[in-house]
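Which chain is which? They are A, B, C and D, in the order written, and residues in each are numbered from 1.
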Amino acid sequence: MLACSSALAQLERVRQQTESLCEPLETEDYCIQPMLDASPPKWHLAHTTWFFETFVLKHAVPNYQVFDSAYEYLFNSYYEGIGTRHPRSDRGLLSRPLVSEIYAYRKHVDDALRCLLAGTPDTECLRRIELGLHHEQQHQELLITDLKCNLGRNPIHPIYLEKPSPLTQPTSVQTAFIEYRGQMLEIGAVLDKDPFCFDNELPRHSVWLAPYAIADRLVTNGEYLEFMADGGYETVSLWLSDGWGEKIARSWESPEYWFQQDGEWLEYTLHGVTPVDLESPVCHVSYFEADAYARWARARLPTEFEWEAAAQTSDHCERGTFAEDGHFHPRPQPPTFCGDCWQWTSSSYAPYPGYQPLEGTLGEYNGKFMANQYVLRGGSCATPTSHYRHSYRNFFYSKDRWQFTGIRLGRNLDN
Amino acid sequence: MLACSSALAQLERVRQQTESLCEPLETEDYCIQPMLDASPPKWHLAHTTWFFETFVLKHAVPNYQVFDSAYEYLFNSYYEGIGTRHPRSDRGLLSRPLVSEIYAYRKHVDDALRCLLAGTPDTECLRRIELGLHHEQQHQELLITDLKCNLGRNPIHPIYLEKPSPLTQPTSVQTAFIEYRGQMLEIGAVLDKDPFCFDNELPRHSVWLAPYAIADRLVTNGEYLEFMADGGYETVSLWLSDGWGEKIARSWESPEYWFQQDGEWLEYTLHGVTPVDLESPVCHVSYFEADAYARWARARLPTEFEWEAAAQTSDHCERGTFAEDGHFHPRPQPPTFCGDCWQWTSSSYAPYPGYQPLEGTLGEYNGKFMANQYVLRGGSCATPTSHYRHSYRNFFYSKDRWQFTGIRLGRNLDN
Amino acid sequence: MLACSSALAQLERVRQQTESLCEPLETEDYCIQPMLDASPPKWHLAHTTWFFETFVLKHAVPNYQVFDSAYEYLFNSYYEGIGTRHPRSDRGLLSRPLVSEIYAYRKHVDDALRCLLAGTPDTECLRRIELGLHHEQQHQELLITDLKCNLGRNPIHPIYLEKPSPLTQPTSVQTAFIEYRGQMLEIGAVLDKDPFCFDNELPRHSVWLAPYAIADRLVTNGEYLEFMADGGYETVSLWLSDGWGEKIARSWESPEYWFQQDGEWLEYTLHGVTPVDLESPVCHVSYFEADAYARWARARLPTEFEWEAAAQTSDHCERGTFAEDGHFHPRPQPPTFCGDCWQWTSSSYAPYPGYQPLEGTLGEYNGKFMANQYVLRGGSCATPTSHYRHSYRNFFYSKDRWQFTGIRLGRNLDN
Amino acid sequence: MLACSSALAQLERVRQQTESLCEPLETEDYCIQPMLDASPPKWHLAHTTWFFETFVLKHAVPNYQVFDSAYEYLFNSYYEGIGTRHPRSDRGLLSRPLVSEIYAYRKHVDDALRCLLAGTPDTECLRRIELGLHHEQQHQELLITDLKCNLGRNPIHPIYLEKPSPLTQPTSVQTAFIEYRGQMLEIGAVLDKDPFCFDNELPRHSVWLAPYAIADRLVTNGEYLEFMADGGYETVSLWLSDGWGEKIARSWESPEYWFQQDGEWLEYTLHGVTPVDLESPVCHVSYFEADAYARWARARLPTEFEWEAAAQTSDHCERGTFAEDGHFHPRPQPPTFCGDCWQWTSSSYAPYPGYQPLEGTLGEYNGKFMANQYVLRGGSCATPTSHYRHSYRNFFYSKDRWQFTGIRLGRNLDN
């Protein structure tokens, strides 16, 4: 758990990091909610602050004065235990509070947290601060993906950040499949070893895995274009029934943010519009597209257990792109299990055997979403490295495409 | 028609007035589209400018360089003849262009117009500038009503302008009905007399009016509260069938912006939340509520012809509140036919006999909306006085409530 | 008003006529509600019976025993004064009561009405019976149009009635425009002269009509095909704004029930699928299509007042097709003002000056629909002749196409 | 696999059974589609017949003449490989083909199948007939549940079958939890042992199960009423997030078909309205309600693997109610794993490791639905016994309530 000695430093670092991500923004950018799922930057800045105010300061600071009582209503995301809240659909309809007021709110709460940490906060308090920091890191990623949704849907395609000067790209290597024999494996976070984990990564437990193989890299744009060229988006037999329904309803013909111009495929990135890079991992695909691609490739998606077993035992010491790289878009990968794109697994998001949610309102953090979503693993180019571990379970609906979501293939092996 | 000599002065005045209305705004306020009908201030600023660029400058200035070619798509409202356009539903999803860029756009176009007027623009050009100025004044009113919709739906109820110091209020007088005998009357704008009119006010033509009476003032909040207290919102027999459907679907229990607190009726105004003033005209009611109120009062709504005949021949020399008063909310009225609230008439919006729309794309200005809407007369507290005349025909859908819309009663008289 | 002496004969005739219309039906046909607007035949049979039970028998017969108390809920159409009712959207979800039970219900009510008429019913009672008979005749037309909607949307296109042997068709004549000078005219039913009228046809009143011309026949399919061939459905400038929206949303490319096969236009009729007949009046068009056609033809739709004035003073002694002809589809017309298709007028449905609805719940019959609909005149091939008169005002929404609705052109004339 | 010798007998039995289920129906009952999910009986009768025609007769009979080529379009459910099909939403809008024509269609196909079986059909043909029979048995259950949805939503609550004379009811016994230690178990159908299984029950494979306990009976209405009385439907912390959304959107306050009258809970059954029986298993609950109940009961739903392991090794030799009992409603249960209600498991519907769908269009039978649904186990009072086996995997969406769906509890045990 977070030690009191390092808590302040981490607090400063994480809170500052959120604001750094907003540095390139204009005031107008802070206010836009481009679709129901994607909140405005202003809201992320305020909600993460509300989390500390609600779950830490009100809990630990006697006579704590809230910054503005209206914010309790405005910036509650989904905690039913806290009371009513502003409708999610209306987050982009609030011109007030102003951006400057939200920054003042952040300062107010940060100051109170500093003050709290200057004393001797109890264990529960430190535990909640730690949770708040990981919560804020989750919202750092959402801030980026939601901002991309805003800018990417704008017909004039604004640029968030100029593209960093090019790295030495890895020599193109062929994807290999790593094989695993049937075995019993331990899955989930290790309480003593991992510095932090969410409740949904526990308890560590045994799973029997039949023999399988798993790719050592993500599917690339080049490979995905072959699927498209082979009629992947027109071949109903490749698709799950619900997936085909979504494809028709939403007119999917390519990954999100892709469009064709003069016969060339382009994509909107946070550095602006660029040609689709053949060597980079394909990104912004739904579960349904990932599943259809896998079927086309005579493979399948791995389960989250196969994925975790492979990641934990892999020899690959390299990592793909994370948020700290400042690239915010997938890049050509070395063989690795993590970074660049969250990877759809075939596992429906469900509690591990013996799962216990947190006590009280914080119990709403994870458990209540354990239905009708799919687990994603591996982190992305928008995930802070310090927020990542192999046991991390991300989850989205099968139709979602606005996250940095990609594809790793798995296969059955004979016994 | 607009003389070249006065065109520049009018241009400066009207264009400046739009920007003056925006002075109290914060950057964030410029971006919000609180509902499909209500556009962001930024959009109004840009669209009125687009109108001049498209219909005046491109027409009259050889080799005119547009400010930004993307704006042709982004700020076209509904002119199909111009090409495709950005969807109305997405006007609040554009963080870019920035507010500052829109002001630069305005300056670019204003400078070009000044330059044009320094020369010898032809008649058609002056006619279009005049239309553009009246078009902009229409949007000045919409800018205010759409902004009210934004701020009024914000749970923290921001204030647009502090309330001006109180005027001497008129002594409360009883509403009187003015009676008119059956007669043939001329309706519509008089080309030689009126300095400007829209095409929908022409041609002037004869209408036979049976004997009728019409109230000399608008229905007040106090009177409307009697209707409410008498079960007006629960008595289905008072309502049109479609109106009752809307009432149920939208849970109408009072005019828009009203809410009850501790047994008292309050309303959101652009000066903030205030108690409902009993002497002021009731405002923000739909056609259906106006019609139901009239039925309850054993009266009816006047036709637009009855209204215009009465307004043109009335002795009342006073006016209600207009935009120049800077009040932006209805106030207690003297006997008058105009100001404070647009008044629903029972007349469906239709062309006058012999109506001819303007030539070309500008023909889309009015004529294509002549179905399924109702005519409103009289101007409101958000209408510029210089934009108003008794022959003016405003029009909205029967369910609309976000404009400053009120009620004047009419009655049948025996022959 | 209906004399007691003839009431029984009329009752027998009208009630029998409804059942005759159902003779070609199979049990399955009685149950289908193909869209929200179109009720199942079973419902029409029951609702018209409910009308007599509710407004006549319960009123006039002491201790009248209702056939089934559930029917009061199931077969009330829209009379709020009677109580709650079965949702309109669910009329096709009732397999019970059985068709045979509905016929038993009709017999129960008919017997009670016969019994009542064998005595000395009072004037109010006779007035209500008369209203009930005209109400039933209205539903005879709806039964036919709703049935056509059911069968016409069935991919196997069932036939309702074999086509009667061909009549001698009128020699094709050119449409002529009849001219009227400006004049004051009396509009509305004449109480002493007309044997029956609805409340919405009263009071008779004066209207001033500017000089106008009106076509002596309906627009034909051949003429409408010219509009289509000239890009009528693709030329936005011909359409009202709301109309273009409907056209896009509903993918209108031709009148309802038309489809193209091997380059030929066919249409579903109640006699099955036939080639579109060039000489017959175009049918199943919305107000928006009628308006667009008129604009294309450099004409306009007539007002309901122009229409009535022309119809009442016309020399044409022939009539088009009515229900008694048993054809149930428009046929080539002689010059005439009535029959074959209801004709869209440019008049929004509104009360005549001095209009008074009926007392009590029957006041809901007409008045509460007087908004947002357009008046149609002239009767159709599904209207019983005995139900028709020139002052008759039918009304539908501008988007409606499932009625037999066609187009008559009007024009402005100079003074 | 089905032997040729017994195929004819089974065909006669199963096909006859479908028609027997329809014996109590009136013609009108055959046509109703009460909601998108619930097809009319007529459609089930035709679609099961279409399945034999399409997959058996066209495959095996040279020059087979289809009964009506329109039926290929009308009665295809979801087989994209076959071509376009009639929209699911419109199944209740077809008054034609008539019920009698559908029975003639059945006879036509049955005769052709008899003829085929009188010869020497090949193995593939027999395999397809067998699949067709199990397919038809699935639709027998759907026919009953869809019919219940029709009759149950009719305000007059028609009776399908009189209640059979009461059985001796089991003495009320307390629910016990059977405990299982952690172990590796084989899950899935056994090819040599089971006479038939669907592709989704294969391949048989190993699963590691942590120690768990599972109830020996279903949750009863009495127990569920305690949950309701304890505020189960108002306590948001008991619900999954998506579940609470559904509860609010659909106003769930009790299981489907329940309603309160004079303080007593009644429910619609196929025998009509009866008081809720406290000893019978609760039925017509969604996954979300089952999950919320389990949370309230400090338990959880079992996984499908826990369920199958327990069912296969259980000593309980009794069975609950199946379709052959003719009761079509759950009854008080002895300790048993099957019958009365399908039981929601916490397992998302997914392919078993190594799953292979059938070849060709029949591959659409199961695999394409393996996402976003939950597995149910155990069979119900509407399932034919001969259709059931413990490895059977049924699947529905988490919001579905119109099937006979109930609750069995599971629990974690310490290692």
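By definition in this document, a residue touches a chain if its C-beta (ideal position, glycine included) is under 8 Å from a C-beta of that chain, and two chains touch if they have at least 3 such contacts.
Being a predicted model, the structure only gives us computed values, none of them experimental.
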{"item": "Chains in simultaneous contact with chain C and chain D", "value": "none"}
{"item": "Minimum number of chain-to-chain contact steps, chain A to chain C", "value": "2"}
{"item": "Distance between chain centroids, defined by C-alpha means - chain A, chain D (Å)", "value": "37"}
{"item": "Whole-Å gap separating chain A and chain B, where each centre is the average of the chain's CA atoms", "value": "47"}
{"item": "Where chain B and chain D are represented by their mean Cα positions, the distance between them in whole Å", "value": "59"}
{"item": "Chain A residues counted as touching two or more neighbouring chains", "value": "none"}
{"item": "Chain B - residues contacting chain C, complex", "value": "78, 80-81, 182, 184, 205-208, 210, 212, 236-237, 239-244, 287-288, 291, 300, 346-348, 350-351, 353-354, 363-364, 368-372, 398, 412"}
{"item": "List of chain A residues in touch with chain B within their complex", "value": "26-34, 70, 73-74, 86, 90, 92-99, 150-151, 153-156, 158"}
